[in-house]
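Reading through the structure tokens given below for one structure.
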Amino acid sequence: MDLTYNDDQQDLADSVRGFVAREWPIARVRDVQTHATGFDDELWKKVIALGWSAVAVPEEHGGLGGGLVEQLVVLEELGRGAVDSPLRTTIAYGAFGLLRGHNDSARARHLPAVAAGEAIVTAAVLESDGRAVWPVVTTDETAHSADHARLHATKTLVPYAASADHFVVTTRLIGIGDAVLLIPADRAGIRMRRQTVPVGEPRYRVDFDDVEVRREDVLAAGDAARELFTTCAELDTILTAAYTVGLCHSALALTVEHANSRVQFGRPLGAFQAVAHRCADMHTEINATRLMVFEAAWLLDQGFDARLASAAAKAHVDQTVALVSAHSHQILGAMGFSTEHDLHLFTRRAKAYEQSGGGLDRHLHRVADLLGL
Amino acid sequence: MDFAFSETEKTFREELSTFLDQEVAEWWRHLFHAEERTIPTSRELAAKLAERGWLTMSWPPEYGGSGADAWMQVVLREEMWSRGEPRGPQYMNVNYIGPLIMHYGTEEQRERFLTPISQGRVIWCQGFSEPDAGSDLAALSTRARRTADGRYVITGQKIWTSYADAPAQWCFLLARTNVDVRPHQGLSLFLVDMAAPGVTVRPIESLIGTGEINEVFFDEVEVPADCRLGAEDDGWEMLRTGLALERIGVPWYADADRFLERLVAYTRETMVDGRPLSEDPRTRTRLAELYVRCRAARLVTYRAVSLQEKGSATALESASAWMLGGLTQQLAGQVGHETVGALSVLHADDPDAPMDGWAQFQQLLAIPTTIAAGAIDIQRNIIAQQGLGLPRSN
Amino acid sequence: MDLTYNDDQQDLADSVRGFVAREWPIARVRDVQTHATGFDDELWKKVIALGWSAVAVPEEHGGLGGGLVEQLVVLEELGRGAVDSPLRTTIAYGAFGLLRGHNDSARARHLPAVAAGEAIVTAAVLESDGRAVWPVVTTDETAHSADHARLHATKTLVPYAASADHFVVTTRLIGIGDAVLLIPADRAGIRMRRQTVPVGEPRYRVDFDDVEVRREDVLAAGDAARELFTTCAELDTILTAAYTVGLCHSALALTVEHANSRVQFGRPLGAFQAVAHRCADMHTEINATRLMVFEAAWLLDQGFDARLASAAAKAHVDQTVALVSAHSHQILGAMGFSTEHDLHLFTRRAKAYEQSGGGLDRHLHRVADLLGL
Amino acid sequence: MDFAFSETEKTFREELSTFLDQEVAEWWRHLFHAEERTIPTSRELAAKLAERGWLTMSWPPEYGGSGADAWMQVVLREEMWSRGEPRGPQYMNVNYIGPLIMHYGTEEQRERFLTPISQGRVIWCQGFSEPDAGSDLAALSTRARRTADGRYVITGQKIWTSYADAPAQWCFLLARTNVDVRPHQGLSLFLVDMAAPGVTVRPIESLIGTGEINEVFFDEVEVPADCRLGAEDDGWEMLRTGLALERIGVPWYADADRFLERLVAYTRETMVDGRPLSEDPRTRTRLAELYVRCRAARLVTYRAVSLQEKGSATALESASAWMLGGLTQQLAGQVGHETVGALSVLHADDPDAPMDGWAQFQQLLAIPTTIAAGAIDIQRNIIAQQGLGLPRSN
């Protein structure tokens, strides 16, 4: 048992933190949001050159053969800098979709490029109601065969759609049933619109309008599809949670900085217990969340059952985000309401993830299920 | 005890409600929703309210009112806030700027300033906060020097000044006239013409968009002697009264109530896994919690008004009312976020945003509600010290 | 609209408060708990002599013809003194059970004595699982007719059973269906055992073992029985909530006293924001609860629909009790853990009511129902 | 990072667990459960643990231990607390009284005091709190005057002294030796024989019953020079270390975990409206919340131990661990109350009490957990000041 980084993990964390400080100051975070696609090719090239998209991919598939724990080290540090990138979906849905999917040829063909970050993968999984992942079956479907199905779907909040090379799509196809597909972005019939989201990853509504589906696109079908999606979604949850922990660390750091420098009633704000104790609670909860997230990743790395740990971690991170967001804005006051201050860049990103993959209640029920309730 | 509005009040609510249903534009969301149409639209509505005698109905007839009691005023405020305060910035005029001028102003000042307010023709902004004086207003450093002939020359900077860019014609300004006394004793209130030379307004970009919130710079701005309100160095005492009024004056619960109503409708029409979201246990209890908090905030406000009517109100009750209102608004933001789920990140401008992006907006609105009018910690101090007799903690 | 007491209400409150200070100091509260039956006949005689059991009963039935609001004034003040008595059940189930029940002869025969407090009524409604109020129908029942049914029931947490003259019992009888009964305490076959409850009203397990039920005992049957029970339970909830508000006021007062007198780190405890703010929150929430409870009573007095107000009031009082109990014990520290201090006399009583009649969740769902969810 | 116990640790846990399942009496609820059998039973068990070398396993062999590392100690603590700490008061001996004697004591003191502890033969009580010194220990007034021949004479009163009436043979006492320096600099630690003339114990009746918690009066009690621990006036510094150890030493989460397990079973076997209570959505999410909090508290404790093992622990981590543990325990009390419902008012003695009155007991247990070992506010101060670098707030 050792809940501290080993030397390699510490080196990795230091190097990512150094990279963020050097290459990705907060001014650049603000800039990128205004880009047409919200994506910075230059950054991405640097990130993948460092191998950060491949940390947890086995060496035989072109990865670094590290663990998810190491991958989380990267994500947490990127979160501290609010450095958005298609990393989480490329890893969770791309690399692990291929790794854990049941399509050997797709794995052989795509995984090396995906692991290397040369092919960006995004997740087109959320149905347009923002809740379901699997469509309600419609009776009115186009003709199909097992080899050539046609995809009709509208997916929402798809990150980095305009920059993606592949979409991982959850759908239901007649004759195949539930399916997880890996659709190349250049396939005919894909239309997209960037959605208006105040901060954070660029999000898109993506319409798959009578898009051809080939047998080679199917990563998994039937029960295996549901299982594969669950695996990828769980990974995504953990990666996102680590990123969120990083965001929360920075929100707290900005708050502490403010509490130390802002003088009211002749004392720094932080000398008021009501302020200091909010900071103490944020600190404690962020650290607890962090350990829970790392534990879930470690269990997965070891091949243990991580379902309970993952669900508990997601429930905890949701509570932490709500707490950190409320407390930090309370302490920053009007200053935090101004976009000139950086706080909202962290809190709003974190809030956006709070409800992704289902919020607190959903994960508490998952915990309850796993407790045998 | 009597928990009902009178027949007169009910009739008035109906009449007002009918009027507002017709007059308030479909797109109107909230006075804190920065967009170009907001201010002109609210000006128009305020003028129409004035025509009907509803803008300043609690004022005495000589200043354009009809002497309505506090409960008529409560009805008015609730109807306004349950529609996102379509009076726009002018709610401040009616809630406390006008009343303070009425109470402390000279006869000449009353005539000069109250009539335009009662006609809905003027926008005021409040010049209190400074970069180094937020909750601690006594620390403000904007300086008003008196000249030999009795005028004042004002220099300093205000910040978080809402509607200065509306543009506001007047600023209700707190400035330091005396540096030789204890900090909160050397402050005076001024009625400052925003068109005076030396006044500069710089909009601050905020989470609700650009505009509405500003920095205001005063560079050697000359203010005539007759634009000081009340006695010199008496500003702090006057303002304390005014801020207590403002705390009762903003029925956040009415806004949260309206949002709750909208959420109830949303959950009924939203199907999740083939069943209405309104059947989901968590959603049900979260909306119920919001309802309970709204009802509590409403009653605590009514209690504050009851005591005010009896002349026995203290800062305590308005602090409680304000605190519960703010917390209710904050809860509304969180409950909306949870209820709408992942799509609540979509801004109102996005066609895919559920409830026209209302949940997104309400989350942002939740942020300033526990900050404005003195941070919530200050309200708790007031309750602990003035209400419970605990010692000062600072 | 006027959310303050009128002169009569203020006089009543003053007189009850004076009575409590004079006749019922906290030492006596401690004493009574150790009595064999937990009931003090002397107190009860004084309480009923003042008419406090009859405040809300119409004059034609021997009451004072006041409103529930006035009745709540009495209960709140008694709560401030932790003065337990069979008042709430005698009023909610006794007086109002007879008033709103469908049995004219029982009303005529019993109501005057009940209103006058000469006959004490308690509620034997909770089934032995502590949750249900109506029994699961058993097939194995004794012979019966409409005139002569036999009651087999075990009820739990029955307050003041040993001192009661009548039991209001909820049951299901073959041929009658659901029934609310008023059973004289001296009827054969009633056995009881005092339960071990640390503080507060004495509670009993009461066994009705083949007890004769006469036609004259039936206050309501069938749907009307369910309706009558709901009415009585709602009244009980409001009366109990007012009493709880009184308890909470006193818990806060003891806490404030401690915070003002106890010096730590060179300052009174109350000078620490963390302490002061907890007190401020308790104060605000107690007052809010109080107004909600009075509003529900007022609506009932006026004949308006009070269901939503009552459910919301109960939900609020449960939250307030949890808050007041946690905060006051936190501030009192070890002192509040000692039984020598009075705090626990108030907090434990309040906690005992937190789950009575169903806790927070049940009432939130009731609110949700009434909101149309 | 490594989130698993080693094979050795796992084997030890199994062995210990088997032993405890046999040895801990069925009726044993918790060391804080005042009843006559509690102390004798715990004495017996402690002796058996000592026989097996498990009582002070982390101590060096010369003092009756086997030099086990901190993780073995964690396993031991968890197994103990998940069974209501059957070592009884002796958990304090092992957690911090023994270690402090080992670290600061003379060779003679170590030999004299550590062996009885390692054999499970002795009960210590801690004499810190006083009527006017709770969280603020530096304010204590119990006075230790040094006589000409180097002995000390102690006079004063301690309060909330657990197990003094067990009876405890020794008291780990903090007393003032110097009034001419800053308050926390004039304190010394003494190892006081409770049988010495002038020591009086008065049990305090508490919410858990009579006994276990006491007042202890010292009236001119003579203490030999060799019963002072460490240097004179150094007591505060030594104690800070000791209290940090105590904070890690009590795994409240293990107790809450055990209670949660019991609650899960209870909800599965309890039918409400014809369905198991475990299907009720609110019950499910409340129990899940408790699980999540237990897991969080556990990991934060493991993190503190990890840092301790690496020699880089600070007061911050143990404060966080203690705070989360205490809050978890508090939540357990509330969740138990809600889950069991109205019958949770019944005391364990009552045959109708569900879960043998456990829910009732757990509610009471929740009260001292956020009070003991320095109130929770003090822990938050430590985190804010030592962890985050915020200024002192007092």
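Letters are used for the chains, namely A, B, C and D, taken in the order the chains are written, and counting of residues starts over at 1 for each.
Following the convention adopted for this analysis, contacts are C-beta pairs under 8 Å (C-beta built on N, C-alpha and C of every residue); 3 or more make two chains touch, one makes a residue touch a chain.
None of these values were measured; they are calculated from a predicted model.
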Practice task
Taking CA centroids for every chain, report which one is farthest away from chain D.
Solution key: B
Handout entry: Pair joined by more contacting C-beta pairs (B-C or C-D)
Key = B-C
Problem - For chain A paired with chain D, centre-to-centre distance based on mean C-alpha positions, whole Å - result: 41
Practice task
Provide the C-alpha centroid distance between chain A and chain C, rounded to the nearest whole angstrom.
Solution key: 52
Exercise for the section: Return the residues of chain A touching two or more other chains; collapse runs of consecutive numbers into ranges. Expected result: 267, 272-275, 277, 361
Completion exercise
Flagged in chain B as touching 2+ other chains are 281-282, 285, 377, 380, 393-394
Problem - Contact footprint of chain D on chain C as seen in their complex - result: 126, 128-132, 156-157, 195-198, 200, 203, 205, 262-267, 272-275, 322, 326, 329-330, 333-334, 336-340, 344, 348, 351-352, 354-356, 358-361
Completion exercise
Given the complex, residues on chain B that touch chain A span 129, 132-136, 138-139, 159-160, 204-207, 213, 270-274, 282, 330, 334, 337-338, 340-347, 349-350, 352-354, 360, 363, 367-368, 370-371, 375-377, 380, 393-394
Exercise for the section: Enumerate the contact residues on chain D facing chain A in the complex. Expected result: 1-6, 9, 71, 74, 264, 267-268, 278-279, 281, 283-285, 287-289, 291-292, 295-297, 299-300, 302-303, 305-307, 309-310, 320, 323-324, 377, 379-381, 383-385, 387-394
Fill in the blank from the handout: The answer for chain C against chain B in the complex is residues 1-6, 9, 69, 252, 256, 259-260, 267-268, 270-273, 275-277, 279-281, 283-285, 287-289, 291-292, 294-295, 298-299, 302, 309, 312, 315-316, 319, 361, 364-365, 367-368, 371-373
Practice task
Would you pull the chain C residues touching chain A in the complex into a rising list?
Solution key: 272-274, 277
